[in-house]
């Protein structure tokens, strides 16, 4: 009954309560939606990175990253890739030849990362093949076929079928130059990636390198993201001498940035709740002052101070939760509505792609956030209610009644 | 044994520059079943006196014994508990919780006492019928007339099964018809249940019906008459 | 006298007024601090990127930027250096010849960015000399290079060792050279720290077979706000087949990232402010309703409605401005302190920024515009919340008001 009393008390002054409820609803709605965008951006970054080149798990020789030189190859790389391919829940393995060099055209040159792949294998691991904007992804009979990024093509003034020269250090320290034919141009969304990554047929590259196939990087795609951790652990145990890394370990920045988004989201919500706190406190305070005689009467007839205190806190909670509920519902609705088509932020395409996100963001909010938010609201309501509740119980019944 | 015994009750207010002697050495006793009025002009101390009896205010000196129990021994929430179970109140106004119906208002005090749901409902209904509002159980105070609101207040006061009921100017806001109705009601309840009613009033209509009239003047007992 | 009345009126209910004031204070102090941090950081990012690398503006041959090719170089004699340097707000001009090369030492080859500079002019523009951590700085007659620290480490090369440079020269020829390392410079951003090689202009021109040509003239100015002014004036003094690019065109990612961050920051603050506005609004509603009777009496005894409207307007202004002013005053020490001691990020957060090519520090701007801007926002909130009392008072009928 006390609960019922608290609830009814809130709606005594409809306009006053409505203002606070609307404030909370609006604030939370704005906060949840912005957070949804932020977290969506974070997820976009992760998925984009994985699909573009990172894959779920990578294996290298421990000293490969120091120089990314051709000599730091994985021993028996091809057979290793084969055995990983046979593991359960692994849907793709690409054994890559990968080192740095310079790409030149008739007009200019640029440093690039040269990657030799088996296209059919690579397709099972990354989605770069879906980002071809001109030409094909290795549907070509040319042995020296090369697929380059759009940014690089622009930079070197290359088109389909143009000739591009790659210069790099060979197996014996000699400088090698090879001429390749551009048969495909891709646009991955990261101009940085596009201008510095070129892909060749692995067997051609091996031929140029004296007939040996050097495998520097093994990229693995798992059936589902849930399998990444266990499979990584298994691989680490199986190949203790090699550097086995999950995508989070390989590119901690991506993982970290994504979790940073979530942190910022929580911060923003807390700020909004702090702003809302003032409104709740004031409303409750006024509500108590309005009822000064009634509160005096309740104390007179025998309602204990502790009960009155709890009643006020309950009122504060109901008020806050009403607004909170409305805000959460609005947030859930707007996120659900925009989740499938995404929000087109092409206005900021360049900047978003430079972060590694895509221009279309799909707002998303983890379930835990809604739960945490509700907890925060309850906490805020209680803190806001303390001052008014204290005021209510420090009334002297005799004085309160005498106000009659 | 007297229900209420008041000894040398004194109350002085120091809130203004000149101290106000609201009550000065008042000595009185009240027995069960009384229907008594404390009267006097404004400033005579009658409201103060009733507040003392109800434990709403503390005396400067003197004692109040209710059923042999010294009220001064009770403090804080213990005093509140005591009021809850032993004293009934009817105020001049603002008796009821506006968001509750008449029934809920009467139930509320029993809820505070810890009475079970079914029992609460039963007693509340009975009491409201007894005060003639059996058909307005679910009306909110705003939907009731002044007189009806006061009747609900009486029902509420009785619901807690107190030792006595203190009524501070219960008829002040009522027209003559409602006032008369209310008084008749309280008189009947007094006779029916032997419930003690102590009024503070300057309403002639109340004074006429009271069986004992105590007149206060400047904080002292000027007269103490038994009428009937 | 009406102002006096308004002032006293708001203090009739101390707690309520203080809470409303506190909410505005909270919003303003947060707003000023975060905007100061955002704007300060942007200015710093622009300034440092300009200083480290691009300059605020560059004079180039038309077509150079899109192609990045040595074929689009400028004749060094075709531009009057003095004329450029004497344009108002220009603080330094540095001629450059930039390209890429494969850099070799011992068994290691890396790709790096090679910049031919005028050591004196370059230092005046970018303080290159101050970044020297080992060896000697370049003199114009030297035939040696400065190499960035990260690059030196990767190549395992130190002062005195000779570096092989190999790349594509002017008009398709080959650039090849062997030069001793004279000094090592350090950058706080890894992207620059891992790629830069500096040599005197004549040596670079010899290496790349360009003759007395330049790829760009980097121009430094005293403050970002003079950018457009300088740009138009520079355009006027250079030959018609040359063009002036500002940092926004050269670093569109940075430009858009700043815009993106700016816009999102503003949106979040807007949400915060709306919540606070609701709170103030609610307070005003309470105040109005509480004094309905009093207003009715005042109008009955002869006070013109318009006067009452003014009185309430002043009250709203007082509440908003005490809040805004205290917020601004509260923010001043925060902003002042951090502008002198920028926040240095550490750990993974710092690495994220470094990865994006941004120095990981938060600078605070002390631009008074920031403070004034927030005061303006608060004023607008005050105006908007004033709508209620305006409406309320116009509709007020004295007779009904008194009876309430």
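Each chain carries a letter (A, B and C) given by its place in the written order, and its residues are counted from 1.
What we mean here is this: a contact is a pair of C-beta atoms (placed from the backbone, for glycine too) under 8 Å apart; a residue touches a chain by one contact, two chains touch by 3 or more.
Treat the numbers as computed from the prediction; the structure is a model and nothing was measured.
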(Q) Under the document's definition of touching, what chains do chain A and chain C have as common neighbours? (A) none
Q. Centre-to-centre on C-alpha atoms, which chain is most distant from chain C?
A. B
Q: Let me have the rounded angstrom distance from the C-alpha centre of chain A over to the C-alpha centre of chain C, please.
A: 26
**Q.** Centroid spacing, where centroids are CA-atom means, of chain B and chain C in whole angstrom
**A.** 73
Q.
Taking the mean of the CA coordinates per chain, how far is chain A from chain B in Å?
A. 68
Q: Please list all residues of chain B that touch 2 or more other chains.
A: none
Q. Out of chain C, which residues touch more than one other chain, so two or more?
A. none
Q: Could you tell me which residues belong to chain A and also touch two or more other chains?
A: none
Q: Provide the residue numbers of chain A that touch chain B in the complex, in ascending order.
A: 1-2, 5, 8-9, 11-12, 293-294, 297-307, 397-398, 401-402, 404
Q. Chain C touches which residues of chain A in the complex?
A. 15-16, 19-20, 22-24, 26-27, 30-31, 34, 66-67, 69, 71, 100-102, 104, 106-112, 154-155, 157, 167-169, 173, 175, 191, 252-253, 256-257, 260, 268, 271-272, 274-276, 278-279, 281-283, 285-286, 348-352, 354-355, 387
**Q.** chain C to chain A touching residues, read off their complex
**A.** 15-16, 19-20, 22-23, 26-27, 30, 66-71, 99-102, 104, 107-112, 154, 166-168, 172, 252-253, 256-257, 259-260, 263-264, 267-268, 271-272, 274-276, 278-279, 281-283, 285-286, 289, 348-349, 351-352, 355-356
Q: Flag every residue of chain B that touches chain A in the complex, lowest number first.
A: 47, 51, 54, 56-57, 77, 80-81, 83-85, 87-89, 91-95, 97-100, 104, 107-109, 111-113, 156-157, 160, 168
